[in-house]
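So, here come the structures, one by one.
Next, two complexes with subunit A in common: one pairs it with subunit B, the other with subunit C.
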Partner chain A sequence: MSRQVTITIDGQQVTAAEGDKLLWVALDHGIYIPHLCGIREKEHPDASCRLCFVEVEGLPNPVTSCTLPVKEGMVVRTRSERVDRLVRTAFELLLSNHRLSCAKCGKNGRCELQKIAQERGLKLKLTRMRSLLVEKPVDDSPEKFYYDPNRCVLCGRCVWADREKAKIGAIGFVRRGMDRRVAAFWEQPLADSPCIECLACVEACPVGALVAKEMKE
Partner chain B sequence: MEIEITAEEREAIKTTVAEALEKNSYRRDRLLPILQEVQGRLGYLPREAMEQIASSLKIPEVDVYSVATFYNQFRLNPPGEHQIKVCMGTACHMAGGHIIMDSFARRLNIKEGETTPDRKFSLERVACVGCCALAPVVVVNENVEGKVRPTRVDGILMALGKEIGKKNEEEKR
Partner chain C sequence: MSAVLERYEALKRQAEQTLTARLEKPRVLVGTATCGRAAGALKVLEVFREGVAQHGLDVEVEEVGCLGYCYAEPTVIIYKPGFPPLCYMNVDEGIASRLVTDYLVGGDPCFDFAYAALEPNDVFPTLADYPRGFSEQRIILADCGLINPEDINQYLQRDGYRALAKALSMAPEEIIGEIKASGLRGRGGAGFPTGVKWEICRSKEADEKYVICNADEGDPGAFMDRALLESTPHQLLEGLIIAGYAVGAKQGYIYVRAEYPLAIERLKTALAQAREKGLLGENILGSGFSFAIDLFQGSGAFVCGEETALIASMEGRAGIPSHRPPFPAEKGFRGKPTVINNVKTLSYVPHIIRNGAEWFRSIGTPSSPGTAVLALAGKVVGTGLVEVPMGTTLRTLIYDVGGGIKNDKAFKAVQIGGPSGGCLPESALDLPIDFDSLQQAGAMMGSGGVVVLDEDDCMVEIARYFLEFTQKESCGKCTFCRLGTRQMLEILTDITKGRGKLEDIDLLQEIAEDVKAGSLCGLGKTAPNPVLTTLRFFRHEYEIHVKEGRCPALMCKDLISYVIDPKKCRKLCDACVGSCPVEAVYTRPDQLKAIDLEKCVKCDNCLVTCLPLYQAVIKVSPPLKVEGGQDK
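Coming up: the complex of A and B.
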């Protein structure tokens, strides 16, 4: 068992196991920090979404909380002008190639982007940037779910679930830059891939990209 | 668009991949050199080659595809008899390189990175060929065409033996 440490987050004292990543410690104690790519079980997080920044006393710049192991006596602030600015920009960058139409989205009301917007008082629309969205076709081939690449934030949670939970290897990241997306081999429809439709990836997806179909009786 | 491959080609793919794997001791961390070897000998990475590599290395097929589509060096389609490379470097991009790309794509009825089913033409993007003053630039086989306008596209293709007239009739409908 690792040692218990006491740290302070936004003035609140919390105890946690030494070395646990700050993001999960905060979330476990009901303190919200925006996050999309973070995976609790992953030892070396990708830290690619750049949403989970916090200020730590003694560190010159904001740091990503998903990569930060907690230490005894650590003093953390989840908000500051610098943190807010970083989060606002990263958030708008994500929206700049996102099909924003929550009313027509299968995750409306259960979406992590909506949650971040609400928690941080951010708008779910572009204000400073223009949209770079190039509409890509939705893969509707599986029986139980669909994949809408236009709403994918490339967080990698589905790929992790496919490998580590389902242990299949049906999906991965393909191409690069603006063309990057989650796909099966040869970008063939998921129904023609090794996918077994266990829905592990669908459960992992924080947004409206992998969505379970409404099941009819 | 899938390109048909002959039984002979299929055999060649099999042996080439087997040799590339052998040479790299079937090591997963040698995936990149394996892909380079296969492309070096076949000119591209056929789907069958990627499937064979994945099953031999016991990794998901999508992982091979993921690497092959990440690096611009790799191509998924056989090079055409005539290779058309549209420059997308900064200067050509600013001068409308993507419009030239679109014109070729429409004329050849393939997308960037693809090869026509008769394997006469392949279309790809390149990043700066080093003569930015001539932007937008297209390299046709080994010849540089400068200051290309969409209206030149038909001429370039016709010089390479493409029958444009017929296509026009079809399009007018």
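Coming up: the complex of A and C.
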């Protein structure tokens, strides 16, 4: 077992194993930091959602807590003007490319975007940003779940679950830039892919992109 | 003398012997790098080859790389005993055949066509007598355009690979010490100290280590790496082998753009020649050190120039950046410590090893020693590839080296550092060019692309243009870069189309700052630079677009109209009518011409046609209202 260290998060002293990533240490101690793409078991974090910013004493700029190994004596603040601003912008950017009709969403009430909004007092509608959403067809081909790319935030948790937990490899990221999306090989319908409908990806999805069908009613 | 140095001296003597007979003959060197070829150098080469054959002359005609005088391509250098070596520019087939008959056959060097001599003499000025030559100091460009890149003997004759022989007689730590002492900073853009990077890699315990040359030059308007690869590939190979020896790697790679076919061809030739001479491969120069170099052709994505994406693409994964640390020097290609250096960085290495750290430090500024290799482009007279000491001011660069602004227009801004660089205004002209000064001013060294802008350039459109490039090249992994740059682009597009709102300008600034602060990799972190700097220095131009619906530089197509000034128009001329592709220009009953605004697609043809005649076609902004298809 690695050495235990004591760090301070928002004035609260917590102990953790040295080298553990700050995001998980904070969450384990009931201190919330917004996050979407983080996967605890993943050795090298994606750090792609850009939501888990914190201020660390001695570091000039806010840093992503999912990539930050804890060190003895580290002093962390999960909120600051700069952190709040970055989180708000990243959150609003994600919303600008997200179908915003929570009432009709299968994850309504269990969505991590809603949780972030609630925790940080952010609105679930576009105030500053333009909507960039270009409606894409929903893949309704699997029996047990459906995939709505218009609600996907590209966190990659489904891809990881599919490959590392289920060991299937049916889905991955395709295309680049604004066209980046999660899809099966050749962007074929999931029913035609090697997918065995184990629902590991559905369980991993933090938003309403991959939703089990019985939930839909 | 050590055995390694003896082996080297023998190679050099051999090279000299091979060359002596050839170098005494008259020689014609034609610059056939990609830039020269685009300007017609291969046809010029053909004329010389045919002329020499036809007249049965004992003259060597050779292909060389790029001298860096883009605006004057194709360039030709002629060595003829009894004359100073002369450099001819803008050589076409006509001039080439005159040079064959008058100079090579006859004895008239055609001074009318000559630009400069390469050596001091009594009859003709040298390159150093021009303001450009005076301000330049060439280290890594010194051989470019003067030696045949496909002949290793010419590189050896100029003391090439001597640094390698010297390095192999030194301890690796000593080499790293020398590079650290020289203060060499990475020329790929960020300016990280090269010696420190090498030291980190050296200090890691690993069964394998790698050195990779990053030749994935992707900035629009940057071509210095291409020129180096095409003009003096052995200089890079020498630097790469030394880097490999210093960090303890046995394998090196050159990650080169697949879009550089000539560079790849010349690199392959260079690699084969270096292997044949025992300068690469097993037991180099009998030192016991073995090193291999392979080429890896990039797959086209701009972001693959970012080192973690570069590694991903070499490992067969999508070229997408990942979080650092770990830095490649600790954990890079195949998980092993890997040094990734730019072409220019590695090209300096042989010079530093040969001449010492002190010499290198004597050039440039204390924090940025050495020279800056810049691609000068845009509205400047003498576009081209230049090498000036760090600390040279932008003013010297633009007005002395570049010869000033084209067509006597007024200078407006200089965009430095490629698509992610910043636009600096006239007040920044006395800024010294070095890593730190540029960064402080909001621009960056980047790849060294310098685009000069004049009064006809709209700063909002320039920002939009560069952002469009980076937005398209975003890999899409992280939120800020994928969506933030797109939001910014939408706002900029609206402003250039006259749909912008005042609050959009503040929002643009906010998003730009957040994208810079929040993005995962260097592409996203720097993409907002053109926007932030134009907002800082040219905010009034944004405001005029929004408040008055007017483009002050008359560049934004949606905010201008083309009209014909009847006072300047001539009744007997109808050049503009013929130039219009959509029949928008028509003849009025009084025989003067006018433009039907409803039909006009603003292609600029009529204006360009009329420019040398009467300058009667003008642009106005804000655009005129279209009423019944007739302009009033």
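Definition applied: the second predicted complex is superposed on the first by the 214 of 217 C-alpha atoms of A that agree within 3 Å, B and C clash if a C-alpha of one lies under 4 Å from a C-alpha of the other, contacts with A are read in each partner's own complex, and residues count from 1 in each chain.
Methods note: a contact is a pair of C-beta atoms (placed from the backbone, for glycine too) under 8 Å apart; a residue touches a chain by one contact, two chains touch by 3 or more.
Quick caveat, the model's predicted, so the values are computed rather than measured.
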Where does A:V70 make contact in the superposed view: on subunit B (first), on subunit C (second), on both, or on neither? neither
So, does A:I171 touch the first partner subunit B, the second partner subunit C, both, or neither? first
Just checking: does A:L132 make contact with subunit B only, subunit C only, both, or neither of them? Give me first, second, both or neither. second
Subunit B versus subunit C as contact partner of A:C49, first or second or both or neither: second
Would you mind checking which one, subunit B or subunit C, touches more residues on subunit A? C
After lining up the shared chain so the two structures overlap, which partner does A:A183 touch, if you call subunit B first and subunit C second: first, second, both or neither? first
Which partner chains sit in contact with A:A90 here, subunit B, subunit C, both or neither? Use first/second/both/neither. second
Is A:N61 contacted by the first partner subunit B, the second partner subunit C, both or neither? second
Would you mind listing the overlap between the subunit B footprint and the subunit C footprint on subunit A? 173, 175-176
Where on subunit C does subunit A make contact in their complex? 301, 318, 322-323, 471-480, 482-484, 486-487, 490-491, 507, 510-511, 514, 517-520
Subunit C partner contacts - residues on subunit A that touch it in the complex: 44-51, 53, 61-62, 64, 67, 82, 85-86, 89-90, 93-94, 96-97, 128-130, 132, 154, 173, 175-180
Complex interface listing, subunit A residues touching subunit B: 168-176, 183-187, 193-194
Which bits of subunit B are touching subunit A when the two form their complex? 47, 50-51, 54, 59-66, 69-70
